[in-house]
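Chain naming follows the written order as A, B, C and D, and within any one chain the residues start at number 1.
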Amino acid sequence: MTSEYRIRRRVHFYETDAAGIVHFSWYPRYMEEAENALWREAGLSIGHPESGVGWPRVAVSFEYFRPLRFEDEFEIRIAIVSIGEKRIEYRARLVRGDTQIASGRMTVSCVRRNPDGTMKSAPIPPEVRERFEVADTGDWGGR
Amino acid sequence: MTSEYRIRRRVHFYETDAAGIVHFSWYPRYMEEAENALWREAGLSIGHPESGVGWPRVAVSFEYFRPLRFEDEFEIRIAIVSIGEKRIEYRARLVRGDTQIASGRMTVSCVRRNPDGTMKSAPIPPEVRERFEVADTGDWGGR
Amino acid sequence: MTSEYRIRRRVHFYETDAAGIVHFSWYPRYMEEAENALWREAGLSIGHPESGVGWPRVAVSFEYFRPLRFEDEFEIRIAIVSIGEKRIEYRARLVRGDTQIASGRMTVSCVRRNPDGTMKSAPIPPEVRERFEVADTGDWGGR
Amino acid sequence: MTSEYRIRRRVHFYETDAAGIVHFSWYPRYMEEAENALWREAGLSIGHPESGVGWPRVAVSFEYFRPLRFEDEFEIRIAIVSIGEKRIEYRARLVRGDTQIASGRMTVSCVRRNPDGTMKSAPIPPEVRERFEVADTGDWGGR
């Protein structure tokens, strides 16, 4: 059972903006990278189109504490904070050494794809559900 | 005094992902496009490096209701919902025709750049503050 | 018969990098925006998945003469320079006022999608071919 | 003396497009990632603003042979093919296992930043030049 995961990452030049720091739109992408790595750690891939199931994002939020700059090395820690019938909610924390950079939350929803391309909310398949559990994030503090 | 603004936008191909829809990381960028257009409407540019002032994002959140696809035309409506001594908070709503696509919130903070490149929180300059006022978003509903 | 097209565009903040200019990877995207607008001008959409035909890029090149900065307005002019049995080649030129910013070339290939998701080179469908012709770019000069 | 470098990379979901493959605009970014890693391998950083020197891209070209998909692992091999007084030219090759994915070329130019923010072509500083040499790419073949 997998409940959390950490990846290390270096800032690429194309992720910076004219203010000299990573553009804020990259943080949800960093969080998704960590989520996809968490799924691989659990022996799953979130993106197999042939599975007939997809995982669109229904909510995301980030708070930004300190900037990241080109070539900074940082860590993204992601944890599952709830698993519902049809939804999974994650928290993430970005740190550079001892410096807290940002924290985020993201909720994804399980959908089945209809033959016409539309998507319909669906229960999380058992083969996914049995691999994950809620993490203990008691030490993450308030933010 | 400017308090809200609308822009129309078409989905570019590079904004879509392998699920066939716009990747969720684009919505904060769409919101920033609308914010920058709001500033231009007010006779300002948010990005003049020589002003010595910057506007880093300190919080962003989005809820996603319906997907956007390649070449979809949609509208982004942005409104100022609070102006503090050092911060501005916006709400945004994305619609495609009568369909609600997403809603977002974003808080930006005024900073002064020190000679060594670091940034320090600073009061919003009068020449910015006098151009903006809080919008009436009473008709936006709960979400 | 459509052979060339122009779009106007403003630089978004997220397109800039820590050098204060548009990151070079955006120029192929700008060119693709102009290409997709050229197709719409011809009454076509390059991206309908149900058409069974796709247009992957097989070659792209850019030369960069002058930088673009945040909020710069510029124009992208795209022209068809050859139409083969299975390929279309374009040229593009980016200008800001009278200043030449960049020039590019891009070749796209027509493919059919097999049921297993692989792609196979295919002749350009007549309904596409009959809408396009080669442009006169005699005034574009050597670069 | 450093002349070439290899990095391994996995495709992120946000790099794919609605055709189910990596959007072509990512390949120049992959090449830049390899370039920046080559510089770090040589004990340098290409992006220190305080150096007063910058390395804008003056030309880039790519040929695309096979697509990359979500979570594909691939390798980027970059090599220096010429070092002029003011310019460095690289070649890159992307492979997934034994499959050739793409090949690219990129030329970067050394510039000094003037106090007013403009850039002026400048000789490559000795502390950079002495770390690099031209690679032997005799085994790379014609493409």
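Heads up, the rule we're going with is that a residue touches a chain if its C-beta (ideal position, glycine included) is under 8 Å from a C-beta of that chain, and two chains touch if they have at least 3 such contacts.
For clarity, every value in this text was computed on a predicted model and none was experimentally measured.
Number of steps on the shortest path from chain B to chain C, with steps defined by chain touch: 1.
On a Cα centroid basis, the chain most remote from chain D in this structure is B. Averaged Cα coordinates give chain A a centre that lies 23 Å from the centre of chain B.
Mean C-alpha position of chain A lies 33 Å from that of chain C. If each chain is reduced to the centroid of its CA atoms, chain A and chain D end up 29 Å from each other. Chain C has residues 13-14, 18, 20-21, 25, 29, 32, 47, 49, 70, 117 in contact with two or more other chains. If you check the complex, the residues on chain D that touch chain B are 13-14, 16-18, 20-21, 23, 25, 49, 69-70, 117.
Of all residues in chain D, those touching chain A in their complex are 12-14, 20, 29, 32-33, 36, 40, 45-47, 49, 70-71.
Contacts from chain B toward chain A in the complex involve residues 18-21, 24-26, 28-29, 32, 47, 49, 54, 56-64, 67, 117, 119.
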